[in-house]
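Here chain A shows up in two complexes: once beside chain B, once beside chain C.
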Partner chain A sequence: MITALKRNPNKIRQGSIIVDIILYTMAIVICLITLYPFYYVIIMSISSPQEVAAMNVFLIPKGFFLGSYELILKDAKMWWAYSNTLIYVTAGAVLNCLMAVLGAYPLTVKNLKGRKWIVVFLLIPMYFGGGLIPTYLLINKLGMYNTMFAVIIPGMVSIWNIILVRTFFTTIPEGLKESAFIDGASHLQLLFKVILPISKPIIAVIAIYSVVGIWNSWFDALVYLPNEKLHPLQMYLYRVVVQQSVDLKTLSLEDTRHAVANMLSSIQLKYAIIVFTTLPVIFTYPFFQKYFIKGALLGSLKE
Partner chain B sequence: MKAASPVSKRRGFHWRDHLQLYLIMLPVLAHIFIFSYIPMYGIVIAFQNYYPGKPFLSFGGEIDWVGFQHFIDFFNGPYFVRLMRNTFLLSFYFLIFGFWVPILFALLLNELRTGAFKKFVQTASYLPHFISNVVVAGMVLSFINVDGIINAFVKLFGGSPVALNTEPGYFPAIYTITSIWKAFGWGSILYLAAMSSVDPHLYEAAKIDGANRFKQMLNITLPSIRPTIFILLIFAIGSLLSANSEFILLIYNPMVYETADVIGTYLFREGLLGGNFSSGTAVGLLVSLINFTLLYTANALSRKYSDYALW
Partner chain C sequence: MKIWRKALLSFMAAVLVMGTITACSSGSKENAGEGSNTTEASGKLRLLGPSSSNKHIRFDDREKYPVWKEVDKLLDNAGLDLEYELVPSEQYDVVIKTRMASGSDLPDIVNISKLDNTTVLNLAKQGVIQDLTPLIEKYSNGNIKKMYDQEFPYAKKTTTSPDGKMYWFSNLHKKTYQGKDPAPVSLTMLIRKDWLEKLNLPVPTTAQEYLDTLKKFREGDANGNGQKDEVLAYDPGIFSGAIAQWFGLGTDITAVDVENKKVVSPWYQEGIKDYFRYMQQLVKEGVLDTSLIGAQGEQRTQKMTENQVGSLSDYNLATYNEPLIKGGGEFLPLMPLKAVDNITPAAQLEPPFLVWQKYAITKDCKDVEAAIKFFDVIYSEEYANLLYWGIEGKTYELDSNGAKIFINTGSEEEQAKSGLVAGRQLFGDTVFPRIQFANLEFELTSVPAYKADNELEILKYTPYFVNMNNNFLAIPNDQQLERKTKILTNLTTYSTELATKLALGQKSLDDWDQYMTELKKLGLDELMEIDQQLLDRYNSIN
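Moving on, here comes the complex of A and B:
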């Protein structure tokens, strides 16, 4: 009896069926509130332009029309921004992982002189910084303004990441390090040949945090990259859906099918581009969310 | 080398170890020095009339020191009250209306049977957290447009369309609702983690004592997350003057500045784009100091009343 209870703690909590119905209804309503905006954007983007313009689409797509996606796929600027984002994401994730590992390892060596001071040095910027303008002036002075470095380099060290990796490293048995030293390994060898291979779980957390963070970031590009050729995807989206400085409809005017383009409402194009650029996140996040949860829980632990 | 006696080889700590470790850390330390500490030094321009091309610091009399003039100008300026009010209110609304949502959501999830449905609800609620601010802003802007879905519903129920995006009165609600929508699911994670550590036997005992589900929730589940609630509340109060200006920047427009313009957005617009580097830095410094004081106070309170503290 007791073991049965242990196996299913929910079982003992079952109350009246009415309570269950209320609870499950609430859960479904919450799901709808969360998911409906996305669903609405998707069905609007594939419905026929007339129905979209008449605001008749609420529950199911009306008609079927992929013209807006066709226009987007032809937009060279969008592909350019897409490839820029891939560069930023790759470089950023690799550098973030590397720097987190390099920063974390020495902090786990108990004998290191000045460790306390280094920790203070690392922690102060978490609570106080120079702010937007002094940083902007610095980036300018370093000659990074309007180069890809301006959005890659400043973000490549995160003290938060260093803390996460350090927390993980301290769980590695001392014996493993001892035996490496006995074999004559240097600290760098120990770090890259012994510790890193068994630290894949935490590296995955850092990599995924970085990838999602950089994929979604736009503000640095707004501040540092006046050159549109360097813009990441989110900046392109910003120009299209927020600033509305790019009118996708003008793109295909020379096209023989410009009649189609004129028929499209700009709102439908915006929805299509939102769907197109967000689908990679929506499809992959059920897989990477567990790493995020791991990171959030690790980070909340008291050191 | 390997032939040497292991015991004597496993020596004390040599200067070589130190050298290696410092070298390993060097890239990180250098980066933090350059990108975090040098901008702190750049704050000196808050007390000057700086313009690009001038040095930050020099003793040749090139620098036009103005003392606290930029701070005084900001206090006496036309936007001071509005900016402080908006920055505070937007954070405050989010705290008042948003803080308890993840708690209730976690309590609700905790009552659902473990299984595919529960997992689905959880996964769905996390989704907005992973969507970029730009996309969320794009969606919100199109929804609140005069011919957007919200007005379509208003018309459906016989109302007349409302100018949601140009009427300042609506902005705080739009910002608050969107922020809660984006954050509540993810915000429930820490509560759920705390709840999962409750011993199932407690519920069993309560049931034997005749406690119904609501009473069990009240007397077992809720106390289990009390420390978490307390800590998160203190830090929410600690960030009362740090409204999400990056998101506001995306959804506001000049017509709603009256209720939407916060210090962060003003700083970006007037300081950076307007080229008022010195006064912008002064405003930034002021906010940094206020935020730091709030956080420090919150941390001190947290240390006193719970065993959790950031430092």
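Moving on, here comes the complex of A and C:
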């Protein structure tokens, strides 16, 4: 092994300073490109409103003004939306994990008849959806339209998650399961008392994926929740942004006046809300980073 | 193992059976609900519309507003019991599209303004929305007819569909001066009044003087920042900037000449080449800011804020630009300026009569009599007055000539506290159509004298083109619409590009015939023909 390495040295000498410099510069440039939009939003949200309206802010904040944050914090609607998001995220994450585990386990039981077909059956809706109107009709007929369930329940089962969990479950040694059966455990006992405790990494991965996904989602709310008291935070952000992008050319004099007044008050507000809605989720990243990496690697190795 | 499997199977079977049963029962419950609707005619109506995005004056708090109490009385007197479902306006687009497309569980009256004419006519074909004409004949107390036939005779022209039926009610607006004369406002070139005064320049009276003035703004450093950055914000790619009309050009690829009942296209008009020569001059002198061509409002606002815009095309009575300017400033509206010897410059007007928004009665409405009664209330004079003006002595008063003038009741926040608002601020454009009898008298009191003078001068000015050409065209039928859409997709792009390049001097005027051939190939003539048919039909509807 060692001699083989010596005979085939890398073409780039290890410890080459020039290559290091090039690689580091590239990494830094990519970092800056990725981070700049975040930075831009933050400095826009705290600069003085005139400079923001004039689009003068690029590298450092110009002036200092926290009025937009004050407006947001005082807005009862925002707090409604915040608490709704917390409900959606908590319920969504718990149910997602539960469904993924319950869905994945039977698929790892070797003597389940027609297992292959069930997997195929599960894969189909991963690629094809019913479309907006049929889904809307379904939600409406189930009586979930304009209720919190319309956002929580359809998102509960994710085939992708089931497959991730199944892949993880198959790595658990068969002997462990058999010994549990010999000790008289039922399938439910095996799942919840033996398999789950050693599957924490995958549960964590799914929980984080769900939290991030649900935190950032707004489309379901847009379609199914006309009642603004049920809106999540991202929907609140969506509304502020849409409100601002009115095409003035199509309006009459009277309506133009109102639109201009509205637009000005919300130019900076948009940035402040983006910061406010994104920060919590950004802060969770460092803590869960190791799970993210694990999640990315899952399924990349085949036995 | 076997026992376990059996247990699982029987459990799954049980779930399936339960599922079917519950699905059935919920279905039958719904049917029962619908059935009970048919029997009662209690004046109960469900209404769906967008809520306004106003942060202070909210429909939810309507009970505390005096103007709502008055409207509520009118509705009560008509025996109506209304249930509102208001969806945030930013979301309404998606909500109404999905709900109408699904065609199930619809409200009785619905605001469908977000749907284009084709979609609405398709819904009408499918029977999702009802034909209003027979309903009006049968149930109306005459209010609707009175408004549509006498006060707003043009309303029928734009809302009658090609099959001769009417599927939606609309917002109706007219602005008059001294109680009778129609009062259009104009879209014109505004120029910095304070810069003219600062540099001691006269108000330009011809296109050439206008160009020279803008040049002098730059040379004299009108904004005083030491740079030659005073610009004209103008988009030469489209013809709806007011300079095009100085050369007698229409306001769009096809435009309506209202007086002569003719559809014209700027590309065929006499002044077109001179217009582009003039544009080229503006560009050559560095006056026209080329970075703003095709730009969004935000970019223009930016230049405005930085005190760089010397002139722009906007409403003559606009007062929303000045507060943007850092350090302040004033915009003077110009009359149409003479540009070519044998062409009288035209004005661009916003018609004093507007018809917009759509409110329909759906197929699920069982008590259509109540629905028509609702619109009878809407199209009454009392409602119109409450909606636009509010309550006499509280939100408006009469001036010495008897014209209505709004009372200043403070900012929206203060208005929300005092409850002194006009109806349109509280419920306009939701499910309550806006019927507006506006007047110019009030407009004139709320702008500086130099803007008011311009408005009075423009009132009787001819010739003119209008900024909303579609307001003068009847609704196209399927074939016409399909052709129009197809032609416009490519023609608009080509026309905009061509106009921009000609203005920038990137294309030569010598190859004119070649451009015309291309425009014709893209269907310009056919488009004009279709629009002429629509205009003729518009004029033939009574």
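The rule is short, and it goes like this: the second predicted complex is superposed on the first by the 242 of 303 C-alpha atoms of A that agree within 3 Å, B and C clash if a C-alpha of one lies under 4 Å from a C-alpha of the other, contacts with A are read in each partner's own complex, and residues count from 1 in each chain.
Here is the rule we use: a contact is a pair of C-beta atoms (placed from the backbone, for glycine too) under 8 Å apart; a residue touches a chain by one contact, two chains touch by 3 or more.
Model, not experiment: these values are computed from the prediction.
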Name the chain, either chain B or chain C, that contacts more residues of chain A.
B
Which partner does A:E228 reach: the first (chain B), the second (chain C), both, or neither?
second
Just checking: does A:I87 make contact with chain B only, chain C only, both, or neither of them? Give me first, second, both or neither.
neither
I'd like to know which partner A:Y40 touches here: chain B for first, chain C for second, both or neither.
first
Touched partner set for A:F121, first chain B, second chain C, both or neither:
first
Contacts for A:G130 in the overlay, against chain B (first) and chain C (second): which applies, first, second, both or neither?
first
Return first, second, both or neither, reflecting whether A:G143 touches chain B, chain C, both chains, or no partner chain.
second
In the overlay, answer first, second, both or neither for which of chain B and chain C A:A204 touches.
neither
Going by the contact rule set out at the top, does A:L196 touch chain B (first), chain C (second), both, or neither?
neither
Touched partner set for A:A185, first chain B, second chain C, both or neither
neither
Where on chain A do the contacts with chain B and the contacts with chain C coincide?
55, 111, 132-133, 136-137, 140, 142, 186-187, 223, 238, 242
Which chain C residues qualify as touching chain A in the complex?
1, 4, 26-27, 51, 53, 85, 87-91, 94-95, 98-99, 101-102, 104-105, 173, 185, 240, 297-299, 301-302, 305-306, 315, 317-320, 324, 326, 350, 354, 438, 468
In the complex formed with chain A, which residues of chain B make contact?
1-2, 6, 9-10, 13, 17-18, 20-22, 24-25, 27-29, 31-32, 34-43, 45, 52, 105, 108-109, 111-114, 117-118, 120-121, 123-128, 130-135, 137-139, 141-143, 145, 147, 149, 152, 181, 185-186, 189-190, 193, 200-201, 203-204, 207, 212-213, 216, 246, 249-251, 267-268, 271-272, 277, 280-281, 284-285, 288, 292, 295, 308, 311
Can you list the chain A residues touching chain B in their complex?
5-6, 9-10, 12-13, 15, 19, 23-24, 26-27, 30-31, 33-35, 37-38, 40-41, 55, 58, 99, 102-103, 105-106, 109, 111-113, 118, 121-125, 127-138, 140, 142, 153-154, 156-157, 159, 162, 178, 181-184, 186-188, 191, 212, 215-219, 223, 234, 237-238, 240-242, 267, 270-271, 274, 277-278, 281-282, 285-286, 289, 292-293, 296-297, 300, 302
What part of chain A is in contact with chain C in the complex they form?
50, 53-56, 111, 132-133, 136-137, 140-143, 145, 186-187, 222-223, 226-228, 231, 235, 238-239, 242-243, 247-249, 252-254, 256-257, 260-264
